[in-house]
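So that we are looking at the same thing, I have put the structure below in structure tokens.
Going by the order they are written in, the chains are A, B, C, D, E, F, G, H and I; count residues from 1 in each one.
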Amino acid sequence: MRKLLLCTALIVVLAAFLYVSINPADFGYSTGDHLVFGHPRYVDMDDYFIHNGQNQTGANNIVTSIVFDYRGFDTLGEASVLFTAVLAVGMVLRALRRDAK
Amino acid sequence: MNLDFLTPYGFWNPILWLLVIFVALLVAYLIWLRGNSRYKKGTEQTKPFLSGYAPESKEAMMVSASNIYWGFTSTLKGYYNFLRKMHTGDIRDYLGWYVGIVAIMLILYILWGGA
Amino acid sequence: MLEFIITTIVTFVIYLVLTAGSGNFGFLSLEEIIMGVFLSVIVGAITRNYLCKSRNYRMLNPVRWLLFLIYGFGPFFFAMAKANLDVAYRVITGKIRPGIVKIDPQLKTDYGITFLANSITLTPGTLSVDVDEDNVLYVHWINIPEGEEKKEYADIKKVCGKFPEWTRRVAE
Amino acid sequence: MMSKIVRTQANFLYPLIMIFGFYIVAHGHLTPGGGFQGGAVIATGVALIAVAYSYKNVKTWIKKTRLTATEAIGLLTFIITALLGISRSFFYNWLANTGLLFGQPVPYGINPGYLNTAGTLPIMNFAVGIEVLGGLGVIIMYYLHYIKEVSKNAV
Amino acid sequence: MIFESLLQILLLAGLIISAYLAIRYKDLLACAVALGVFSFLLSLEFYILQAPDVAIAEAGIGAGLTTAIFILAIKGTSRWEVEE
Amino acid sequence: MIWEFLANNSPALIIAIPLIAAFATSLISRVSTRARNIWVILALVLTEIFVIILLYQVFNFGTKVYVFGASSYNLTLPPDSGGIPIRIIFVVDAMSIFMAFTASTVALAGVIYSISCENEQTGQDKYYTLLLLMTVGMLGMMLTGDLFNFFVFLEINSLASAALVAYRVDRGIAVEAAFKYAIISSLGGLMVLFAIGILYGQYDALNMAMVAYRMQATGFSNLDKIAMALLTVTLAMKAGAIPMHFWVPDGYGKAPGAISAMLVTTTYASLYGLFRMCFTVFGLAANTVTLGWFLIILGVLSMFVGVTMALVQHDIKRLMAYHSVSQTGYMLLGVGVGLATLGTTAFNQYGLAAMEGGIFHLINNSMYKGLLFLTAGAIIYRIGTSDLDKMGGLGHSMKYTMIFFMIGALAIAGIPPFNGFASKLLIYESVYQFNPILSIIAMIVSILTLASFVKVFHSAFMGPKRYDVKEVPLPMLVGMGILTFFIILFGLFPNIAMQYLVTPAATALSDPVGYITRVLGGGSL
Amino acid sequence: MIDVWFLTAFILMIWLFLSLLRVILGPTAPDRVVALDTINTLIVALMVILAVAYNQIIYVDVAIVYALLSFVTTLYIAKYLEGGI
Amino acid sequence: MWTDYLIYILLGIGLIFNGLGSIGLLRFPDVYTRLHAATKATTFGSIFTSLGVVTWAFTQLYLTGNSWNLTLALHTIIAMAALILTNPVGAHAIARAAHRSGVLPKYAVVDRLEEVKK
Amino acid sequence: MLFNLVYITVAIVIIIGFYAALFKRNLIKIVIGISLIESGVNLFLVSLGYREGGIAPIYTNAPSTYMVLPTPQALTLTSIVIGVATTAMLLSFCVVIYRYYGTLDARKVRRLKE
């Protein structure tokens, strides 16, 4: 029973993900609102990065300029996540007082 | 500063409520005053009358927490059995409920989610 | 101190190779060299006890480096080609007579035995399986000649040709 | 402890991996790579030493406290570099195009790439690099420590 | 360009196969190996999708360290999925 | 001058100060324990001060934006970008700062409480660092205006709280709870990331305002519906709504006392995210009635199932955790009614009042549920067990704890002079207009809440003396006292909270157009 | 010229698939590890080839990272099988 | 240019050896013999394909004079050096681990290591 | 040319991960499932930014200036590090659970219920 229900749910989720994936234009239907691999719909933000990244940050690698400059705050958060995980591992795998005895 | 707190159909005045509490405390004090003041603590007067039975231990005299609402839970037995079955403690079931709700909401949103 | 200097120099050379071509034709730009010195000093300070663990500085001799290059492009490469033809032959025909034999190459240093073992692994029909602390190698041999399995120590010439001599020349 | 061959090779590869990791970190703004990738490469070097030798030896060479201190220093460098630009805004690239260290401007378009560019990005790359190096390295050490020493004791 | 597409199709098939393998075996070590293969192939896919930065990160972190951590965790627990 | 500088940069400093403190804690704790404690408290006090500065700013000058890395802190749209935000933007409106105020207050109380509560454990410096990081995660989630940034802070928050739940590795049970929490929150985080990916793939934007704007401009596609389902369900799960609440009793029940109190605020950070997604990101394009009913149904289920499950618990913290689920239901109900009536005339009649009630209940619940968890932690600290069957007679020796507990219990049950009454009254009255049955269920739940706290009070504090214990140390009482102060303040003068915190928050939340205009039309334009 | 590189890459990919077959079949864990090692080597070769195919010279760095790091995974598994760690 | 043919030949040799390695991996009966195929043949094949790349790089260097081709050649050589350094050690580690974990060579006529262990 | 094969792979990999998390008994298997989902999401993010015929967004020695979108790559970098952090933490929990419970069976690791 549990398995049947969960499989149904999984199939629904899979259908949704495939809905994201399959582009009807490949089969002759109208493009609609689907994602198309290799042809993004809007590119204005990324084109801004590509055209202005070199002047504004001085880095040839645009990805690095995004990681550390345009979205540097995300990187701070990400570094904190790693820091958190290290602390978590150290905390869980620490020796308790009881063990030391 | 306006201290009145207006809800759509009523209002809330802290001064008033303080008054109400004060009155309630006063009433309680008056009731307490009506009590017999001749009883002395620690004498025979305040000890329970046990009429021959041995006094129970202190722990046993207290109703334990699991038994307090026994009547309530036994009335709603079917409901509580369902809830017990739901809370299996198995991590996969936790995920299963989540995936199930995602699936239901996917269907519902695709049907009625749009403006 | 010496090991720190050696490690620094080695890492610096590697860094230069990695960044070659940053300036004009085959030329290194100044910034790269400064950065290279900076980084190799850091790396040298951290790893000084690893590269020169045995405190054996015989590898500093440039003659050995020359020999290493000669070895790498000469006998080793040919042995490797032979090994691969051999493997090809065995892959196609499926004729094998495998076994693990023991050889005693009479080497003393760690780098020597590592060098030999790696050479053996990459060359005809042999694969080093284990080594004990007295530098005795156990070699998986894909095609043991008749009679060789009876001996306690296998014939070193048949297993790995002239490699031990080369190893002694280069790494010991 | 693994066999002598592996140990010797690990000794030989450790400086190599490390200099390559630092190369990736230093060239983060020019070639693929950067702080995270380079730090991960160096941390893999630490993992290599940890696997080649027995934990009894490794724990005397690679100290957990030192790695955590490295991590904290890297993070502090990172956030303070970001904080120094707060006169304009947090994370403002206050070194780019100034002509100071790492402040050389770059012309638009395809060029070979100069190390001395990109303002605060190389500094942040280094900071994140040593942070990731310390963090991932110490995770491996914690695991080894637990498996080797703590879990042996009775529950 | 036809070969590029064919290459990618094979690669994606390999991804799915190794993902399936990673959850199939009873031997968790084999699962970890399959997960390593998955990471390698994923890194190659990133490479083909013109994301070398991500490919390096996946190679270093996903393929190198994650597998190592998995092995350590398997060492700390048990190797078989269902122990008798 | 300096005042202006600090005020302008306060959104960044709110995040930066606890982060710097967290990074430096491991170095400072090598000096001495006392230095570390002072350092941590100082960091949180500074954060609180900056939150109050920002609160003042937002109340007086409206929504505040902060652009990270731009050449000026309020340059949301660079002149050459063609009208799109390209950097990470913090958009601090009244709702965000209201949440941030709640979170930082509870965190401050929690850390003061921890100073003496956790002084016998190993690994304390990790504990304090994680506590700071958890606060950062909450504050970041509340202040950010960027989808991916939201995800990053969500992950910081999840990881830090999972680690803290596992802090007392008590025969593995705490670790089991932490494992469950970590698994479910990481899965949820990944689904949030997937949804963000879908939105990014369609609109090439990560800013919430920009996504909402483009979504409205190009029409609400099915992909948006999938993203909406993933986002709302995941955030509802993180907020602990039934039937995805299973991790809540496990996690709350096994965490240290102060952490349980902070976990309440953590779930409200997710709840805030849910409201933000429903109102701001999807509110303009999606069908708000469906969304509103989604929240209402979850809310009613949470209220009822939570409280009935709480009645039968005999572990004090698990009982309170189920109450937490139940109280979350009130907020979902109140805000859900607001969302379901958004844009109609009914909104002005009772929808806004319902939202105010829900939001007011949020801060009230953070305070009194935090207080209750702290008292539970105090009891466990002294007698070493959390089983109600084994407690009893603590009222004789732990008088202050008993008083604090009574205040919290009366507040949560909605007894008049305390703050729970005010918000519940708002919810009852306005929801009654919307649908009487929902209101009646809410009242029943309130009665059952009182019943179960009577049970706790009876079992823990009443009865004959069974344990010979002392009162808890002073820092723990101070921690509880801070929260009690707010409970009594908001209880006696709810108008202060309503006027300065709640009504601006509800108004800001229910106004997505204003939000979008502030971000996309502000700055250089 | 470009197509030759892609053709080479494609054929290498087929070989890689054959090695993947050994991961599927491999009766014992060491067999799978051998296949993993082979896959690593092949991927390094593939990356070098593809770097030329895309005419992006800086891509070779990825291959170096691979060649250096994949070895560590192998060592971990080997040490586990030895019973070390 | 004539180097094109050289490149074709090198790539061809490389592909053949890599293929032999993969096929050997499938065909051989046990871990040790598979290791022979996998390590030797794929290392050798990869060296040849990379030599093709190096040849191409030097040709381009000669034709265009662009110094980045030198970088390509050097980095390819470094990648190959890394492979040569790591592959045999990896093979050795696997063989040792396999033997210690109890996977004995099939059809072996002699096994000295097993004797030592006993 | 490729249709949306990459996205389809993403969907299948994510579903495989979900399957592992929902139906496998071993906790480490569940972690493997989470890890697979995470890889799938990463691949999804990177493939969102792919532009046909584009090259990597790095100007150094690039053959042209028609580049793929850089933002998803930056996001994926972040996501990968978060992924390894999560995996490390989950596995450490598994190790501790095994020490105290003696098993990793999800049906037995449930002292917390109701």
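Definition applied: a residue touches a chain if its C-beta (ideal position, glycine included) is under 8 Å from a C-beta of that chain, and two chains touch if they have at least 3 such contacts.
Small disclaimer: the values here were computed from a predicted structure and weren't measured.
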Length of the shortest touching-chain route, chain C through to chain I: 2
Length of the shortest touching-chain route, chain B through to chain F: 1
Comparison of E-I and B-I by number of C-beta pairs in contact, larger one: E-I
Gap in Å, rounded to a whole number, between the CA centres of chain I and chain G: 20
Between chain F and chain C, distance of the C-alpha-averaged centres to the nearest whole Å: 61
Chain centre separation in whole Å, for chain I relative to chain F (CA means): 28
Between chain I and chain H, distance of the C-alpha-averaged centres to the nearest whole Å: 31
Residues of chain A whose C-beta touches two or more other chains: 6, 10, 13, 16, 20, 35, 40, 43, 45-46, 49, 54, 60-61, 63-64, 67, 69, 71-78, 80-86, 88-90, 92-93, 95
For chain I, residues that touch 2 or more chains besides their own: 1-2, 5-6, 14, 18-19, 21-24, 27, 30, 47-50, 55-56, 58-62, 65, 69, 71, 73, 75, 77-78, 80-82, 84-86, 88-89, 92-96, 99-100, 109-112, 114
Where chain B touches two or more other chains at once, by residue number: 83, 87, 89, 91, 93, 95-96, 99, 102, 106
Parts of chain D lying in touch with chain C, wherever the complex brings them together: 3-5, 7-12, 14-16, 18-20, 22-23, 26-27, 49, 61, 112-116
Residue ranges of chain D in contact with chain A within the complex: 28-32, 34-35, 68, 71, 75, 78-79, 82, 90-91, 93, 96-97, 102-109, 111, 113, 117-121, 124-125, 128, 131-132, 135-136, 138-139, 142-143, 145-146, 149-150, 153
Interface residues, chain F side, partner chain D - complex: 9, 12, 16, 19-20, 23-24, 26-27, 66-73, 171
Chain H - residues contacting chain D, complex: 67-68, 82, 85-86, 89, 92-93, 96
Chain B residues touching chain I - in the complex, by the definition given at the top: 83-84, 87-92, 95-96, 99
